[in-house]
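Heads up, the next two complexes both have chain A, just with different partners, chain B and then chain C.
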Partner chain A sequence: MPHDAATLDAAFTALSSWDWGADAKPLTTLDAAVVAAHGDQALRADLERRLTALLGSGASRGAKEEACRRLARVGSAASVPSLARLLPDRDLSHMARFALERIDAADAAAALREAVASLTGPLRIGMVSSLAARRDTESVPQLAGLLTADAATAAAAAVALGSIATSAAAAALQAGQGDPCSSTGAAIADARLACAESLRASGHRDAALGILRSLAETAAGKPAARQIELAATRGILACLDTAAS
Partner chain B sequence: MNVTQAPAETRRSFLGRCGAAAGAGISAPYVITSKALGDATTPPASDRIVMAGIGIGNMGTGDQNAFLGRPEVQYVAVCDVRQKWRDDAKGRVDARYGNGDCRAAIDFRELLARDDIDAVHVATPDHWHAPITIAACRSGKDVYLQKPETLTLREGPLMIAAARRYGRVFSGGSQRVLGDYRGIVDPIWAGEIGEVVAVDVSVGGPSQPCLLAGEAAPADIDWDLWLGPAPWQPYNPGRCSGSYSTGGNTWRSYIDYSGGSLTDWGAHHFGGAIFAADLREEQPVKVTFHPADGAAAAYVSLRYPRGQELHHNRPAPLRPQEGPQVAHGNAIVITGDGRPREPKPVPLYRDGETSIYGDFLACVKTRERPFRDIELAVNTMTAPHMIGIAYRLERSLEWDRPTQAFVNDAEANRLLDRARREPWII
Partner chain C sequence: MSCHTVSRSFVRHPLSGPAGRPRREWRVCSRAAAVALVIACGAVRTHAADASPEAIDLVVDLLRDEDPGRRAIGVEAVRHGVRGAVATRRFAELLAQVDAGRQAALLAALAERGDVAAVPATTAIVAAATDPAVRGAAYRVLGTLGGAAEVPALVGGLAVPGAEQAAALRALQMIRGPQAAAAIREAAASMSQPPATRAALLRILAERRDRAALPLFVTAAAAEDGGLRRAALESLASLGGAAEVAGVVQAVLAAAPGGDRDVAERALVTICTTNPGHPAAAERFLTRFREASDTEREALLPALARVGGPGTLAVVDALVADADSSRRRLGLKALSLWPDASVAGRLLDQLGRTDDAAERDVLVGGLIRIAPRPDNGLNDAGRLDLLRKTMDLCRRDEDRARVLERANAIRTIEALRFVAGYLDDPALAQPACLSVVELAHHQKLREDHKPEFTTALDKVIVTAKNAEHVERAQAYKAGKTWERKKG
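Take a look at the complex of A and B:
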């Protein structure tokens, strides 16, 4: 059986000294156990406990990354503290997010938001990326504050707000629009277009039209913002076609 | 353009208020080059389509040669993270035009920032497909993208949205769908087997983890940029080899960069089968995992909304012979109900073109959607992606197209996408 205690003990013992290039057997054993954990809460919890313990050990980067991959499958709120401790780690931050992004627990999103507040540079952008993937509505105020950060961070925050696409997100994007010819302004405009599409798809045509008309006016007469003007115009036509049908 | 307007506006009244350039930019069929999008003081645009290539390895070289051979293309730049591919690609362009003008870049963002480039062809490993092509659409470029167009199920809708938002021509890149499979397409579309009831596709399985040992990266590859949004792993030539094998020591073998043979060759076989069965506009609703049984290996079946079934590697003894069939070797077998059915015209490449490259270029001029429009490509790729997920979970699933998620299955929905390495975000 892939998930009896002795088999798992052996697999995790091997994984504790595993690194890239080593025998794949402990990992294939764990993968079989992950499959078997579907509907078996006790097995899932046992796997999670063992995987999070490895994260805090002296195991190699490769071994910890492999643990994070499996926590993406079986992790729960119980994994969050161990994963959150890795978010500032330049080597392991991404793979910690690899798990946190997939864990359906409020604590996971909270950990990512906390990291946004404490990190800078590419690592912070990574947190924003995961909040975008989670469509985390609670992060909207925080993301709105990042629209005035450096260009790369601001663009990422815009993408995230466009993914979340609530009315609060749309309002934050409108407030932060600025010059659509700048890289940040173009990213914000793209996110506003995404918000408009989401609103139109959910039946809020007038709200969508408001965003699109505002964008078209902002971009009008600016050659560098031509794509935005045309996109907004297409969006307006789509809204009008929706009304006519 | 004055956009303040009374509530009851129609398309006609809105377009009547727009300037002619804006209206033409939306819908008129003429060559929309970057220069043509300028204002009245911009000189008239060339009839040439200005192109660049991103990812010029094995398949990218083939794509480049195809576009270089087209008289309506002016090829101006190449991009690859490997110096040899970059140098070779630039050399081919310079030889074509007899000069040294082709720009060779390492970072695709440099090419996308250029206003003079109208279209790009992309043949990077699969993990880069979505980030590059979404950025290309936002930058106003039309896109020709090698198959498999997506690495995850979540990427497809985002790519479609970007293409539609910016009015881009976005073609997927299986030259085989219309090229290789006419032997099954034509009789089915002519109604010779009646309505399709079952499709059997035989192709390799999903990708596997890459556990190769690390080596020092050579100086002629930007390893960090090669990895891009994929998890960091140490350099190994077997991780990034562009050989067409999927049995190991190639990026096509590994889960961080590819869906394996299931999506690599699967993009062709599933593409041909789904086209022949006229299912390109649909997505599966049910995924059934059949566990291994004795000597019979596990296999996966999909059911489509109108009841057609598509099987991956269903063992021959398990295939009922209940109706007329057409086959493409051993790769595709399609069974019909044998009932009379009106023939349908087979969708072809535009303007009488005989290649998918010509189809793309024709659509760049006319702004029509190409034969393998990104939405059709994404729909097609849902099949191998869902099959791959079923193999990983070893169980059956149901798919809800409106929400683009598996029904009541949080565990399966964890596999819809994966976190991208900073600073990449889509």
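Take a look at the complex of A and C:
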């Protein structure tokens, strides 16, 4: 679809009063503009400014969600404050995270970390998941602290640390490793396996071996943790076999 | 990319399954990853770099472990990981140190591993193990990885009936290399082997399509042992060509009428009608026939007639025209064995000329056999027409009954009308009932002509003396299928 200023203006006007079930034409126009903004910094900034403004307006939830979707593609540090304000909103938190996970700016990660500190319950678990998606290394200490929180939060933090998979994340997981037969302990053990896997794949064989041997030792002799022991054994063998090839 | 990059999920996904067998997630991962695995593993196999001693030690420990889950990891590593001949030898050495169940599992893994370094230890297990499952697994390894040197051990396995024999047989079929084939031929020719073993080896050579074994088959076709002769003739039927015709002809002449003669004739007919180069083989057979004595000709004529062809027809025509009655009967018998309907005119003509009961029997028998055959060169209408003509020439009810029974091979409504016409004939109603239900068995034919079939089936229900025919007629009339009773 050809893009021109008048059409775009009309689309934003329509979007301000748009809601689910209405004609999707303004969205199609916006999508065409997003595509056209590739390599066109001025247009991209204009789109970001208008979309961000819509987030602070009295537009419907549907319109704000659609704005978040497009900010995920054209957003920058400039749109982070507006998106961050939506993070505590039960209805829009997930779409704000959707955008913040994808915006390539340190401010986006910082906003998520700040939200982790200020939010609780499922919303906080959402922030943890977004930090995992960003593989945000700076959040490791904060996530490590959550390993002693309630079971759901601790499991989410463990998964996030497993995804980040740095030496610091591995150390945090090791420190937090309790009984591998408990739900949190099993989640941490699984995250440690993932961590070891990533480390081995990136050439850190000894670090991976250390994690896996520690895991195998922790799980040894515990029938409920047998899967962890066997998975660790497979990992150890894979590490040793990697050494030969 | 290394093979291990793809196998990352070995670590990520611990286990599932009743035996604690590790999940092999790479099998369900993306197509790209699967392709990468094949490429990567192929590269590793090609280079076959030795694995680290630590990895080998760990696998050995796992294979010795009492925990089946840990053993499964070890067995999996033998199959697909921890490459190199050093590792293979270490794993194979374990065969002598573990119990029978683990030996069988390890042998299966070694066969899949595909490293010939496992062969010496496997051969030792064949000599030492008493468990049939272990010996069978060892034969599979030798069949997959072995060569000529392993043939004697596998031949030894043929002597033990059951699963072990089946495994040895399969291994001898699979074992690769020209030297291995030569070793099998040598064993098959050896008089020191029991005849049953030699017979099994001949069949293995035929299964391997080993044309170098053809002279061996010809020699064995004249063996004293009946089983060996039979195996040789069946192998010749599978592989033989023009060069083997003389040997098989000799086998036909040497065999007593009945079982052995039939096998030899079948081999000769197959060589001359089916195998590659069969026209040349048929020509050679005809030449050999022309050179034969009268006694030999009498023995060879049934097979020659089944081969057919213009050259043979000239020979048969001459015999039929011969003033000598025994030679004429030989010619008529040959006509009745013809493989297609091209001689139908001759058979009908001769039938119209003779009153000799024996000759009429032979000719009617020939027509009844040829007329409904689907491969006789006629269409359905032509086949039914020939059968009607044959019926008209029959003088005995038993021959007419045979015509009616053969008519159901022609699956048309006209065939139904033909047989249904005899349902009221007390002498022929029963074979007619049989053919009606056989034709009704074909659902499409039955459904396309439902009123006619219903009428005929009603008549069968009140006429048939065979309870099964009545039951079938009732089922077909009701639109149901009927399953033939097994056995």
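Here is the rule we go by: the second predicted complex is superposed on the first by the 242 of 245 C-alpha atoms of A that agree within 3 Å, B and C clash if a C-alpha of one lies under 4 Å from a C-alpha of the other, contacts with A are read in each partner's own complex, and residues count from 1 in each chain.
FYI, contacts are C-beta pairs under 8 Å (C-beta built on N, C-alpha and C of every residue); 3 or more make two chains touch, one makes a residue touch a chain.
All values derive from a computational prediction rather than experimental measurement.
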Clash-or-fit label for the pair chain B, chain C on chain A: clash
Contacts of A:230 with chain B and chain C, given as first, second, both or neither: both
Touched partner set for A:213, first chain B, second chain C, both or neither: first
Chain B versus chain C, judged by how many residues of chain A each one touches: B
First (chain B), second (chain C), both or neither touched by A:242: second
Contacts of A:200 with chain B and chain C, given as first, second, both or neither: second
First, second, both or neither for A:98, with chain B first and chain C second: first
Which of chain B and chain C A:152 touches, first, second, both or neither: first
Contacts of A:136 with chain B and chain C, given as first, second, both or neither: neither
Stretch of chain C penetrating chain B in the combined three-chain arrangement, among 21-29, 111-119 or 471-479: 21-29
Interface residues of chain A shared between complexes with chain B and chain C: 190, 193-194, 197, 226-227, 230-231, 233-237, 240-241, 244
Residues on chain B engaged by chain A in the complex (per definition of touch): 1, 3-5, 9-11, 14-15, 18, 22, 25-26, 37-39, 138-140, 154, 161, 164-167, 209, 211-214, 231-234, 392-395, 410-411, 414, 417-426
Contact footprint of chain C on chain A as seen in their complex: 190, 193-194, 196-197, 200-201, 212, 226-228, 230-238, 240-245
Touch list for chain C against partner chain A, complex: 2-5, 7-15, 20, 22, 44, 49-52, 54-55, 58-59, 62, 69-70, 73, 77, 81-84
Of all residues in chain A, those that touch chain B in their complex: 19-22, 24, 27, 35, 38, 62, 65, 69, 72-73, 91, 93-95, 97-98, 100-102, 104, 122-123, 125-126, 128-130, 132-133, 152, 156, 159-160, 186, 190, 193-194, 197, 213, 216-217, 220, 223, 226-227, 229-231, 233-237, 240-241, 244
